[in-house]
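Note that the chains are named A, B, C and D in the order they appear, and that numbering of residues resets to 1 at the start of each chain.
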């Protein structure tokens, strides 16, 4: 038997900011027998998930699905569009922006990293200035993380686009939506994004194992001359065969079953309702955090993440010790602080397949954990969330 | 597709007092391919679940497993031990005691029903008096519901046994443990119960579809002369073949897979830990109810149920309207008031595969539902539960 | 882990004549979380499965669904319509007819059992004669097994009806379709059946645990005065609440999920196509048996069962030793000979969720088992089946 | 609902040479809730699957697990060990060897491709000669496909190793075992392989989505100076964190559950028994093909694949038309001819979770399909397989 059952009873609360709680419908879909990936049924499946993902990205152009973790789609975005030694401008919003930078560096790109304090989103003004100064158009791409999973800070992608346009700069705009897609409003076409990077295990409510690129015509054109070597991540072969619903190499069929089901669920709820749900849960969470007298890592209210909330530990207290208390006493996994903020923050995931009562359970686990771990705080966080949620709740349409 | 998905996101909170939330491990076990019920593998399965159920009943004697709903095991207890016109003494603890009485009446037994107010358990003193008066030993059985699912009141089975013994009365003692078995401490042998009645869909964490009789030697003896007609429910053929692990007619194999898995889970946690968990959750729930200023249906603290809590609605408010608000706004099912207390109470199930955070989510749903439905109450119920739970929580052994 | 994995690789061939191989779609449906059996979603489910079962029985009148094994529906048919001491006429077609008789006897009915040799169906002529002689209308019911699972012989229900009508006899006609429903053409209304008895684990492709009664108006009327005691099996309360999609006691919700899915599958294939498929597989199986030079238990070709084929072992050879060889060497379960024909026959189930290649695998296992076990036979059985199947196969509609 | 149900009844026969039929145990394992990939339970899972995979590769050194399709592990083998412009010697055994060559070319390696006729394995003698001639040691690696999935031809890896050694050549030996691992005996350490490439969807009985590299100390050393760019595929970070059971980026947790279960199944059966099973099924299949009078693509008996058999169509007949007939009439998917042999061959997969009767069903589908499609052949193929299988079968140990 799998070593998955160390907790004695009840459902585990998986409240890291992804992988998220996979709904039963999606797990059951994944559990269907594998079919011939070159047979007629598969083509229908392939076409359906590719079409569905376009709706999720809000794009009319192409979407690529990789059998890979989200990390692979960072690499895919770069190797399809860049050449060795190309300069890219990246914004240091947190750990994941830093990891993406590391990928770029390993691919021998020259990265200009706009420093950040991990408490703010990418700064469109600063980006605009840098591009305006780049009169030789040495910078080939601007890379931004939409929702920084490590900090709970959302960057304003439309504003970054505007900054690029205002600078009349031809750089491609690449955006990581790994922890925002299907949780936070995102518009690949309207915002003029050239490559959007995404993964399956957050708002798409799947296990990890699929990742995505959404591609603009401009990015596609760039790929024709991009000299970085690529094979697995190459868009060209994918795009050649995808219109028929097939893939150039063996796809992760069972995860595609899950994707099909997840898309049905998202469209049944309605993407705008999904976004509103996440915003409301983010607000409820922050009200709890404020009531506890704790500080939210994200500095600016307009950059608060609807997908997760990173909370700062009071000076002298270990976030990891607190998380361990919560895990061992209350059967809940919270996200840890990564790298620069290791042991200094914990992260509450409130994204994916989620609802009011599960959020209340989650916040209860945090509040009781704070007490149990002896972390100074005021009670009343859960109460604050309850007040807000009950004031703003709506009946489900029947 | 099944019409099961009317709620837009997140896991449904099934907080009726049974059927309870079936754990994933049990659902996956049930999902295994059916095997030959006369083949060698089945015999192993049959022996394992029969042996496991004896541990759960705390009995050394026999256990019968029926492919049937719990209602069937009420009938089984009676038809195997009684003859037409036999008198049985039953205690009116609530709706389910009343239904059992109805079964007895349909079987043409003469039922003496000790009236109750649905707010107390069976009264051992009153039972003792009645038996003492029954010098002709006309009463053949005393029937008591251990945990009245309709009211959240626990009867003291050991005290009833003592009352029978003190009266030197030969009546059989029959006990319904449908909503207590594997949730509340129960001891078939030690308490001298003759027939214990149980079902799969509560503390055993299975879907409905299996039911049980545990039988004393005295009950078995009674069955030799009992004249009520029986075939499906007949113990004799069951007992003849069960030692080999097989059944006289086609068993519900896939539910038995689930039973096997559920037993592993219960024994891994430890039955005494399971009981302690339910008691603690019952206490937390009652602290919430008291903080809201609402009244608990059960009158006597020593009879409070660890499995569910029935809450009285303030005069002039509809419990069913409240429950509907909770369902449509918070994706939670609460138990309704049945029969005499219809629309006057609602029931919170806190039994089965359950933990602290799910309880907090449950109580949050009640508190928010009270607000939303305009039911007069004081806030702070969830807070009271949190305080109690965090003071009494323990780390899981690793 | 469940003790279900004694065979080292590949899928087990469960070719007993039921429980049959449960399709993945049905297992996955059963694996869904349990819902509130009194909530709004349940009502939709209940109405859907009740309506679907009417189509399967080909009846406009009522269908009852019990959380019980098929054995229970035999009892239900009798206790709802008969009074103690009533006389019923039953036809001895085999082991299951004999078991039904045993049920009737336990219920203190007087059974007149028309003797049979277990190689023929019920004899309409003999039934007609007996009824004609029963001028006092002492016989209250005629009970026939449509497809005798123990022998692979089909009785002509329409002819039995005609015999009753020709005798102008008011006896009810009760038919057991446990191993025929949804495999062999059956027409409750057109054939004038009063009570049809069925179970979930054969043609309905479910695990055991649900059973059924389809009821004529005449049977319903009979139930008003029938004096046998009943509670669990009582039609009345069921019929009172079923129109709303609910049940009077806790239903086996998860098995009902499976029933819903199975009905979708049957209707998608088309009931008439399902029946044709079973007939064709029966014919292919018999061609194999004949090619092996073995004898089929069923004497008359017009009574051959499309659901299973019972094969006689050559004198001096043990059918059970042969079956054990097949199980241990070829990972296939065949049906045993029961009671009178114990160790003398084996039964090949070819019903339920089944197709040509699985039948070929099944017959291959029989042919290889005959060789391995040293049972005298001619080779070529599988070849005979292949020839027939390839001549008669059709493309699936796309 | 998923568009997976175009066939009306029974289980689909997925007899392409991979993805193979995923056993129910593995599908159910994958269907478990996702856990925190940084939590304590995950570490146990990670360590268990990494240790298990070493046993499967028969290696004491390192194994890498990628969340990727098998194609990715080809790329991983090259980018971790080679530098731009390095020369590699590859053997053209068929379509997949050619695809691996294409990957190498895209990575700007200079590929020397030893031509083949797609009917033989790699030629150790020819490889040895070429290496002997390469006195400057320009060739950095020899790449061989162990079991060419496109042709059903096995290359002698130990002989290739000996050829390299005899030539005293320092080239790395890289072997693709995508369709042989856990089906055909393979010994990473004993055969002196430097990088073994594998995938999840064949002998490992999982859906596609995981791929593997097994690495020798020599390969690891080569990776220190290899200059090809890499990030996702980089061994270094993997090896740094794997000993704790964790991964540097989000792993495909649910597929790892499946891997854990598949490993339990393989070890329970015994790897050597697994290999023997595949050899026996290969022999039975070839006897059928020969009896039909058809030609096997593989020329040399000592190179016959135990995992699949590629069959040549008689001149003037379309293999794809035949496969379509089999799919639409008999609900079985066979493998198509790829590239050079497109429409000229069909492939019968007999690997993975498989047994005698499923093989008989498979061969029956081929024989009936040949008849139905009007392909000239002699009958008796299935009979030949039956004869061989029944002579060589053994009882399962109980």
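The rule we apply is simple: contacts are C-beta pairs under 8 Å (C-beta built on N, C-alpha and C of every residue); 3 or more make two chains touch, one makes a residue touch a chain.
Bear in mind the structure is a predicted one, so any value in this text is a computation, not a measurement.
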{"item": "Angular offset of subunit A relative to subunit C [C-alpha, multiple of 5 degrees]", "value": "180"}
{"item": "Most distant chain from subunit A by Cα centroid", "value": "C"}
{"item": "Chain centre separation (subunit A, subunit C; CA means) in Å", "value": "53"}
{"item": "Inter-chain centre distance, subunit A versus subunit B - centres from mean C-alpha coordinates, in Å", "value": "44"}
{"item": "Distance between the centres, which are taken as Cα means, of subunit D and subunit A, whole angstrom", "value": "34"}
{"item": "Of all residues in subunit A, the ones touching two or more other chains", "value": "6, 11, 21, 24, 28, 31-33, 40, 398"}
{"item": "Touching residues on subunit A, where the partner in the complex is subunit D", "value": "2-4, 6, 11-12, 14, 16, 18-22, 27-41, 44-45, 48, 67-72, 75, 84, 102-103, 106-108, 199, 201, 207-209, 228-232, 234, 249-255, 257, 260-261, 327, 333, 336"}
{"item": "Sites on subunit B touched by subunit D in the complex", "value": "1, 24, 28, 31-33, 40, 398"}
{"item": "Complex contact set, residues of subunit A against subunit B", "value": "5-11, 13, 21, 23-25, 265, 268-269, 273-274, 277, 325, 328-332, 353-358, 360-362, 364-365, 367-368, 371-372, 379-380, 382-383, 386-387, 389-390, 393-396, 398"}
